[in-house]
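Naming follows writing order (A, B, C and D), and every chain is counted from residue 1.
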Amino acid sequence: MTTETMRDVHRATTRGITAYRGYRPPPGMISWAFHRITGLGVLLFLLLHIVDIFLVNYGPDTFNELLFLYRHPVFRIGEIILVAGLYYHAANGVRIILIDFWPAAYRYERQLFYGVIAVFLAGFLPTAILMIRAILT
Amino acid sequence: MTVARPHIGRERPSGGFELYSWYFFRISGLLLIFLAIGHVVIMHVINTVDEIDWQFVADRWNSPFWRAYDWLMLFLALLHGLNGARLAVDDYIRPQGWRVLAHSILWTLAIVFLIIGSIAVLTFDPSRFETLAQAGG
Amino acid sequence: MYHRFDAVIVGAGGAGLMAAAQLAGQCNVAVISKLYPVRSHTGAAQGGIAAALGNVEEDHWIWHMFDTVKGGDYLVDQDAAEVLAREAIDAIIELEHWGFPFNRTPDGRIDQRRFGGHTRNFGEGPVRRACYAADRTGHMILQTLYQTALKKQVTFFDEFMMLDLLLTDDGVCTGVVAMDIETGELHIFHAKAVLLATGGFGRVYKVTSNALAATGDGVAIAFRRGIPLEDMEFYQFHPTGIYKMGILLSEACRGEGGILRNGLGERFMERYAPTLLDLAPRDMVSRAIYQEIRAGRGVDGKDYVWLDLTHLPPEVIETKLPDITDFVRTYLGLDPVKDLIPIQPTAHYAMGGIPTDVDGRVTIDEKNTPIPGLYAAGECACVSVHGANRLGTNSLVDLVVFGRRAGRHMLTFVRENDFHPLPKEPDYRARAEVEWILENEGTERVATLRAELQEAMMTDAGVFRTGDGLKRLQQKLGELRTRYSQIRIDDKSRTFNMELVEAIELGFLLDCAEAIAASALAREESRGAHYREDFPARDDANWLKHTLIARTSGGLQLSYKPVVITRFEPKERVY
Amino acid sequence: MQVTLRIQRFNPETDSKPYYREYTVEVEPTDRVLDALNYIKWYQDGTLTFRRSCAHGVCGSDAMRINGRNRLACKVLIKDLGPKITIEPLLGFRIIRDLVVDMEPFFAQYRAVMPYLINDEPPPVRERLQSPEERALYDDTTKCILCACCTAACPIFWTTEWLGPAAIVNAHRFLFDSRDRAAEERLAILNQKFGVWRCRTIFNCTEACPRGIQVTNAIEQVKRRILFEQS
């Protein structure tokens, strides 16, 4: 089948993103949804971050002025979420890579998923405590 | 009517890009565990945004190591993330025209951000501002 | 809508697809099926397909032929049985070359296992003759044949239901009429040759291993068009169906060493078949089970007994009978490794059907006169290789051997003959039937009638039969026939009207039931699967002959044709 | 016991869009969902439309969404679902009527991977040899009954064009068969844009497969095969 016919077939049948609501998601689907959301979220932050880092070239005044934004409480909370997202994305990414390259891994799909949650929490909780403490002081 | 279309004959399509993209996700992902998480831990956990300012960046980028580190992270994360965004585009935008447009935007973003990011990381010269500051102060 | 094909095959089970594979690429062929081909009931077959390959122990086609003849209680046409046993070997090899994933022996050849009634050296003891792929042999056959048909670019009309067969007044077959189920539209298929491969009619019985779609459509349509049906009284009950549900637990369970036990825990087959024990032919085992139950030795006084696999090594159960294990776990919540399985005989296979010769040509009388252009193969046909009782694994052989022969004969036929003109208004009968059912404003529900039919058939035309019972059954069928003209369906739309389909199918079931009842009442002897309590002995002097039953304007008409005997003289059947 | 089935209905002749109807039936806990559906069709509302045939999970006719997950109606028992059951057609396909969807695109995907043995070498007189170990490599994927539970459970299939897990399972069945000679062509098809790389290892397919096929594993094996053979 050519790409063209593949597309025809699909055009007549697809339900689009609304279909997500119609399926009671198994763990794998949840983990993927989070992987995608966190990946895109981190990307968004990265793009912003590149812009602001570019501003170092405009000298300390411009740059430091901008930093006030970063110190705003809303941003501080966003920062924690960013870290959470990245940790989750990294842990789940490792799970995916394991499934890809370790032939027996599919048997432990559920366990690996719980492993991701465990690794995520183990990394994130101490980080979060440190970060919250920093905000409060 | 469900008359089966005659089956489509043997053909030898070409592919390849998706394979490299898939591979790149995994390799860059593994490297990003060290780069991105290391970065986040250093910049957002051990140090906090309270401590970070223009001078902090300037000091850090005195070392070629950190410059290389940051540039590699920028490069990998940007391509990894935008490639991920491309997957999302393929999933959610199906009209051919819109899809081409979205892909063009992603590629443009990749090039533009790679350039401004590289300018920031590679061409930043703090001494320029130090002399300026001294001269002005 | 009008279509024109050299050959049209109705039914995409093993028989239909095997024939299609012969014709594809050689002539213009279409396959019509009311189900998607891979949904056909061949896919449910479990245990195996017999062929005397001799891969694991010595075996010869003539032993296979003998077992087939003896298993069929000598009602088998021996010329056909010889073709079956000889060509089985070729057919299996051909299937293997097409990709069939057989289980293998350690040296890489096709593995074989034991099955009921298959013996070494004319009955000395069990032999390993059944080639298999775990317990999904039928699934693999169906898949392999469908794949081959795709490879050969066969044209499929999926979810098209045949409603009528087009015969001219001078008795030539010119095509079929079918309904596109999705739209309700009628299509006329004009053809030089037509093959009926529509499968069995297990749904005339209440407890059956057959699919809901196994409603004898082809058999009934042929019957309605004046073609006689052969040996309809012989209907096989498989001993091991899941209690109440009828889901089949293959004979392979016993082939791998499973044992039947009554309520007292006894291995009761010792009393009925001392040599082959649990692997005796199905008719004998089914009767034995009922005799135990009648003698009060069913489990808890109920109408079931146990199938015991618990003594088998767990890995045999898991690897050689995985699907069966899955059925037992899913539907009974039991684990065959540890638990006894409640079983009961289940209606399984029609030995009778549309009479054909060894080339699949449909014949219409005692002299085997063929109808030009009409063929039948598979469970809907009766070449008579199964006689009064089919051996396990012989049906799949039947499909591939005679499906193949029918296909090849059709090919020569379509090359040598031209299209015959269609009769005038070819679809008027089918159209009338559809419109009648859609518009009838009666009071009877299809499901109620069907349930009563199945109940009556189970009681009076099941494993045990009596003259009185069959007469009572005929009366009941007459009553159901009248009530059928009073049906009313809720669904009046054209799009995918499954209620309409079920109503049409009920009509087919009634036809099959009538043929069974009348044939069974006439045969005053017991042979194979046909057991008359009022005539418990086999009577070769009067009854070593095939029944033919035809629908004529003056009612049902019975006639008989002789059995072909070539190598083996009828003997008493002991195991 | 009494159960309530909430069933999505749609008849293109009379309805502009799907809607739900509730039915209450008396069933045994050990009955199949299919039994309940049949009961409704036979004795309450003949217009309810669904496909079915074998009634014991081997023909693949009655794949549908039961309480939000793709299942065969004949392989789910009432007792495992409780008294409230929601039944909807498979996602991602055009609805023909009620629970019946157009399966043609699904079979088109299947045909696209050349699902048949290709070996143009003249065959031996007897069978081609294959060791039990070689046979075991593709055993799992021969079990597929083409029910579409997997493909219709894959979120990628709902939103974009791709071969889907069932087609890959059937490609796997031949790719890992030692008798087949067309691996290169099949891998080339699977390496295309809409091929295996669209799979994001979501595992919905494996979770849904009524035959217990390790669908994701099969897809991963194909990916690795392309990776190590093509690059």
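Just so we're on the same page, contacts are C-beta pairs under 8 Å (C-beta built on N, C-alpha and C of every residue); 3 or more make two chains touch, one makes a residue touch a chain.
The chain list, named the UniProt way, goes like this: B = Succinate dehydrogenase; C = Succinate dehydrogenase flavoprotein subunit; D = Succinate dehydrogenase iron-sulfur subunit.
Here the structure is a predicted model, which is why all the values come from computation and not from measurement.
Undergrad: If you average all the Cα positions, which chain's own average lands nearest?
TA: D
Undergrad: For the chain pairs C-D and B-D, which is connected through the larger number of C-beta pairs in contact?
TA: Between B-D and C-D, the larger count of C-beta pairs in contact belongs to C-D.
Undergrad: Taking the mean of the C-alpha atoms as each chain's centre, how many Å separate chain B from chain D?
TA: 38
Undergrad: Report the inter-centroid distance (CA atoms only) between chain A and chain C in whole Å.
TA: 58
Undergrad: Measure off the straight-line distance from the CA centroid of chain C to the CA centroid of chain D, and report it in whole Å.
TA: Using C-alpha averages as centres, the distance is 27 Å.
Undergrad: Measuring from the mean C-alpha position of chain B to the mean C-alpha position of chain C, what distance in angstrom results?
TA: About 64 Å, centre to centre.
Undergrad: Hunt down the residues of chain C that sit against at least two other chains at once, touch-wise.
TA: Answer for chain C, listing residues that touch two or more other chains: 150-151, 182.
Undergrad: At least two partner chains per residue is the criterion; list those residues in chain B.
TA: Answer for chain B, listing residues that touch two or more other chains: 2, 4, 7-8, 11, 13, 92, 94.
Undergrad: Would you give the residues of chain A that are in contact with at least 2 other chains, written as numbers and ranges?
TA: 1, 3, 5, 7, 10, 14, 16-17, 96, 100-101
Undergrad: Taking the complex as given, what residues does chain B use to touch chain D?
TA: 2, 4-5, 7-8, 10-19, 21-23, 87, 90-92, 94
Undergrad: Tell me, which parts of chain D touch chain C in their complex?
TA: Result: residues 11-14, 30, 32, 41-43, 45-47, 49-61, 75, 77, 96-98, 100, 103, 107, 111, 114-118, 123, 125-132, 134-135, 138-139, 142-143, 145-146, 174, 177, 179-180, 212 of chain D touch chain C.
Undergrad: Per the contact definition, I'd like the list of chain D residues that touch chain A in the complex.
TA: It comes out as residues 65, 67-69, 88, 91-94, 102, 105, 108-109, 111-112, 153, 155, 158-163, 192-194, 200-204, 206-207, 214, 216-217, 220-221, 223-224.
Undergrad: What residues on chain A touch chain B, complex-wise?
TA: Residues 1-3, 5, 7, 10-11, 14, 16-17, 36, 39-40, 42-43, 46-47, 50-51, 53-54, 56-57, 59-60, 63-64, 67, 70-71, 75-76, 79, 82-83, 86-87, 90, 93-94, 96-97, 100-101, 127, 130-131, 134 of chain A touch chain B in their complex.
Undergrad: Which of the residues in chain A end up touching chain D in this complex?
TA: Those in contact with chain D are residues 1, 3, 5-7, 9-10, 12-17, 19-20, 22-29, 32, 96, 99-101, 103, 106, 109.
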